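Consider the two complexes below, in which chain A is the common component and chain B and chain C are the respective partners.
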Partner chain A sequence: MSLGHESLAEFLCWQTLSAATPLMLAGIGELVGELTGVIDIGIEGLMLIGCIVAYTAAAATGQAWMGLGAAAAAGMASAALFAGVVLWGRADQIVAGAALNLLALGLSATLWSLYQNHCANLGLSTHLPRGAGYDLVAVPGLSHLPFIGPVLFDQYTLFYATLLLAVGIWWVLRFTRLGLMIRALGESPETCVACGIPVRLGRFLAALFAGGCAGAAGAFLSIMRTKAFAFDMTGGQGFMVLALVIFGRWAIGPLVLGCLFFGALNSLQQILQTTRYTLADPWMHALRSVPFEFFQMLPYVAALAALALLSRRHPGPRALGQPWPQEVA
Partner chain B sequence: MIGSNVERQMTQAAFRRHRREALLLAVAALIALVAAVRPARATFKVALICSGSFTDGGWNQQGRAAIVRVGRQLHLHVSAVEHVSPVRAVNVMRDYLMEHYNLVIGHGYEFLMPAAEIAAEGGSTKFAVCGADQAQPHIATLAFDLAGPSYQLGVLAALLTKSGKLGFIGGQAIPSVVACYRGFVAGARSINPRITVAQAYTSWDQPALSRSQAEAFIQQGIDVIYQNVDAASRGVFEAVRRADESRAGQQSPVYVFGSNRNQNNNTTCGAFTPASAVIHMGLAFRRLVRAVQRGNFKPGVVPENMADGVCVAVLNPRLEGTVITAAMQRAVAHAAERLRNGKIRLR
Partner chain C sequence: MAAPQAWFLARRTGRGFDWIVTLAQAVAACALVLALVLTGLAVVGYSPVAIVTRWACGAAGGVYPLTSSMVEACPLLLTGLAAGLTFRAGVLNIGAQGQFLVGAVTAVGLTTRWLPAAAPLVAIPLAIAAGALAGGLWALLASVLERYRAVPVVLSTILLNFVALYLIRALLHGPLQAAGTAAPQSPLIPARDWLGVLIPLSSFHWGVPAAFLVAVGFWWFNTHTTWGFETFAGGLNPAAANLAGIPVRARQFLIMFLGGGCAGLAGVFQVLGVTHFMTASFGDYGYAGIAVALLGRLNPLGIALAAIFFGLLDVGSQRVQESTLALPQGVADVVKALVILFMLLLGAYLARRHLQVTSLPEAAPPASAGAAGPPGSGN
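Now for the complex of A and B:
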């Protein structure tokens, strides 16, 4: 079980994977979208929409899978709106993404307010009923293995799904014609046109995929990890995903590693905030005088430093953020 | 001929008399109409300004519910606005001033300076700020002091813990939250001076972060957690529920305390929530409104604490007699008595 970890290292690794799951899932979607040339900085908003839709759908139906499905669908619907505006309306992708974030903030607050009023009118609790949220899944036979068992095989369903998705996308991008098309849409849309590949449609589908992943990542936060919804509960994780895609140089392996790195740092700072009181070690005792804000900023400082060092010589897909067809002067 | 003239003169005189009567009647009707339309007395208007969402499940939601309740009880006209940043607050407060509101309440420490700025402009509107502990000219600051109830929770936690390790999670290290931590530590150490109390600060609105922090606490052997994280509290409750389910009686349970509102009945882990430190905001708002209505409004810091019943520790009645033994109840009540008598002073 998650909280029966024998050692601190085991717990740290378990929490790292847990913290990295929504980042990896949303990151894979964003990566595919950016490879086709669509940068959606509204991913934070898409995750937030996923959070509220998953929560209300799961609470209303009592079925966790309905929550997850609804969150993915809502993410895709919101992404379709964004894609429609930027691909056919030729709006600036950054501005449209920022607008999507603001829209999601207001929309999620409105939906939450309506849901709370609905519950109040019917005298119901706003808490998620039992069975409407996902719990940890221990893989039979494997979860009892020393160290690796509790770390890897006692996780949430979406963690396993995310790992499978990461492997699948890596294989598609590297070995299939579809992968080549995805990369060509972002690198050389002119070539795609010459080959008869519809650029807008391809980018639209990639944006939908990214929206679905972001919605599901939001569902992870609300109906798996916390079984709760709070206004602006994503807390900037979507923006971190954007940075991690750049950190990973638009490749799936480094992206996953980046998410794990960030998840580990985040878990480490929380552990340090605790052990400085609970461990009778002079070093830990000395840490008590360090302001807690220092620990909180550690993951972000490390991510920023890594970003600055590793992403220098890789500008990303050539047509990233550019409309299609381009204006002829 | 003469007869017809007299008749005409009489008719004209009668007409003039009737016209006068009709005019008098019309004026009387008009006065009656105005009197009927005008209310018996001017409605008392009160506004609440919040920086967060009314659906945050915590501070702002609690504030709005309290002012709406008081509004119904005292027949007030209530206006409440959410998502007002301290920068925008000056304009919002000035609008209420222009609309002759009787009382404007800034619901949070961040409204202290904007309220002071607008209150200095004059006018009949009275200004108050919740959750602040500094005096400013012309405004009343309601200092909700949960340090006393937190002391009581510390006493209870020290008696409940088997590991001798306690934890405190706050949303932000603002004075009112730090006061909770200090009260909690003082209470726990009054029972066991060697007890460990870890503290960490996460966020008001990220349940995932609060859950991770609570899990880190539990992994380190902490078995009583006091949280003051508002909407993110569900993350802490979820971590405690999960820990207690996985322990299933094989180890001593993990307990969690609620704050700001009574969270003893939370559906996630109510069976492991022995007590909450509660702010009865409605009481404080009602007193404030009454003071303005009676002309007793006095600017300055208004301490709202255990003595006046606004900030209290509430034990979970479902756990009294089982988890909370009679001896524990006595210890908590004794602590309350000493706090009220001034035998214990918290800073």
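Now for the complex of A and C:
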């Protein structure tokens, strides 16, 4: 129990929102990408690259915003590589995404050992210096409300930004010409060509946006929430995002709800793992006999179950995963 | 969800010695990637010459390094088959890692807990069969979810990887945990259940040649059996294959089971032949298998060559890492990922060129038997 939360419920709710933030952020990016027809299963790798780049950039400069910016830029650069291979090279999107994951795994490990060597040579600590990580931002006035205040208005900056982004993207997709274009790119690229919308450029920009979001989500994990880096710190959250986009049937409202649900599951899992030995509740006592690995497995099983129960053959954008142009002359 | 792209269609047909061209392309892609990565390392301040010499000595400089590389190639070959066979049938199985872990933990459970008193002649074949079966069933789970609940295989196999990971951790923390440790770790498998070593003083167990035999078997399956042809046809164009009377879904189930079985076998061989016990972090061969499969152009014999290359790469880079050069961890993964991307680009480029050639009537010789067939139908 940390940060002076008054009750377990309060902490659980706070933790839920905090755990859902990277899922929402990466999910919004992936959603926009998939709506234009680009499915990027390398989102996990993009998040991992965001984690390591944010950490090293923030630690090197001592500036938290440098970390966040560098993470978003690195995410975009990696996404540009992916999009180039997929859009202009016409490579299979799924397999290229899997390659991106492997690349991110290797690159983050390489960067991390280079950084550790560098620190060891200079006799520096690899810990994040004070001020290089983001702290919680309490919204003045509102954070003193009972229950809602500490839960909703005492979060990291990126939480508020993500909420704004979600509303903004919802509005763009629903009410603007740009939103129509985005959806048309994924549903009917032929129509876009007829209207003079450059298909590959549009998809490229959407993939860049997805990469930036995923990079920033990675930064959230490494320089906001934990202020540390570990090799497998994304732990499959990027894959969870993919499931959530399908689960939300390519709409932003259900996507956000799904993220909150999985955030809740995730924080419940963490709390059960850490507190089941200290709490005296009788039902907690029963949980003690369950191996904690089953709690860690819970989000993945729940994602599978949710997909199995709810994905009643919603096809998604019609041109999802297809190369463009379809026929090669 | 994405329909399977025919990027594996990129094989030029009807000409002899195609495989030399394909091999040359793969070698060129690997050389290009290695040059790229070495340049990158040189920029960061490593000496490429020193790295290459140390790498070559560590991977192939003598009997012991060579056998280590082959032993490393064994699980890569089998997980490469798990990915390659299924990709070829149009099923994007990204779950070799989970199938690998499930196979390994089954073998550990059988040899240390459930059949501790059985004679090795019974226990080893039983462990191998059960591990392969477990891997195959784990893969089938994804197929069943797709068939009955429309869950994309790509996603379910990825999620099942994590389920498998925590499942084996729970087992290694619970019923399979070694006495006297707090870590999630199995006891040592009794030495009589280890796979026999073929070359004295090395780790070259008989699972390695067996894995290569499996690859040859699947090459035979692909090229000389009806089922092999039908899986390929279903991967190229499921609708057309269905119209031709091929039970596409049944063949996909079959190939998923066989592929998962290969990955499970990789786990069994690794645990009975190399590590002899299991910890929570048991190797990432499943993910590397995708790279192996693509580098081998989804051809079992090509996959065998690709696995040898990656085995040399892994062992060599490990030696450079341990040496005074202190190569950063993860470079081998970067090489693998870049190889995938290069092979994808190459495959897509060749597919385009192939389509261009076959779609121009004047480019085809008159009255040629191949002109009427769909592209890539020849084998």
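What we mean here is this: the second predicted complex is superposed on the first by the 319 of 329 C-alpha atoms of A that agree within 3 Å, B and C clash if a C-alpha of one lies under 4 Å from a C-alpha of the other, contacts with A are read in each partner's own complex, and residues count from 1 in each chain.
Just so we're on the same page, a contact is a pair of C-beta atoms (placed from the backbone, for glycine too) under 8 Å apart; a residue touches a chain by one contact, two chains touch by 3 or more.
Quick caveat, the model's predicted, so the values are computed rather than measured.
Taken together in the superposed arrangement on chain A, chain B and chain C clash.
Judged by the touch definition given at the top, the superposed model places A:230 against chain B, while chain C stays out of reach. When the shared chain is aligned, no partner comes close enough to touch A:144: not chain B, not chain C.
In the superposition on chain A, A:273 contacts chain B only, with no contact to chain C.
Legend: residue contacts after superposition of the two complexes on their common chain; A:109 is shown touching both chain B and chain C. Once chain A of one complex is fitted onto chain A of the other, the partner contacts of A:300 are limited to chain C, with no touch recorded for chain B. Looking at the shared chain after the overlay, A:8 reaches chain B, while chain C stays out of its contact range.
Contact with neither chain B nor chain C is seen for A:174 once the two complexes are overlaid on the shared chain.
Looking at the shared chain after the overlay, A:94 reaches chain C, while chain B stays out of its contact range.
When both complexes are overlaid on chain A, the residue A:318 reaches neither chain B nor chain C. Superposing on chain A, the segment of chain B with clashing C-alpha atoms against chain C, chosen from 5-13, 77-85 or 275-283, turns out to be 77-85. Overlap of the chain B and chain C interfaces on chain A: residues 109, 112-113, 296. Per the touch definition, chain B reaches chain A in the complex via residues 52-57, 165, 167, 173, 196-201, 203, 205-209, 211-213, 215-222, 231-232, 234-235, 238-239, 242-243, 246-247, 266-268.
On chain A, the positions that touch chain B within their shared complex are 1-5, 8, 11, 15, 18-19, 109, 112-113, 116, 125-127, 135-136, 221, 225-228, 230-235, 266-267, 270-271, 273-279, 292, 296.
Only residues 39, 41, 81, 85, 89-96, 98-103, 105-114, 117, 236, 239, 242-243, 246, 291, 293-294, 296-297, 300-301, 303-304, 307-309, 311-313, 315-316, 320-323, 328-329 of chain A touch chain C when the two sit together in their complex. Residues 1-3, 5, 7, 44, 87, 92, 94, 145, 149-152, 154-156, 158-160, 162-163, 166-167, 169-170, 173-174, 284, 287-288, 290-291, 294, 326, 328-338, 340-341, 344-345, 347-349, 351-352, 355-356 of chain C are the ones touching chain A in the complex.
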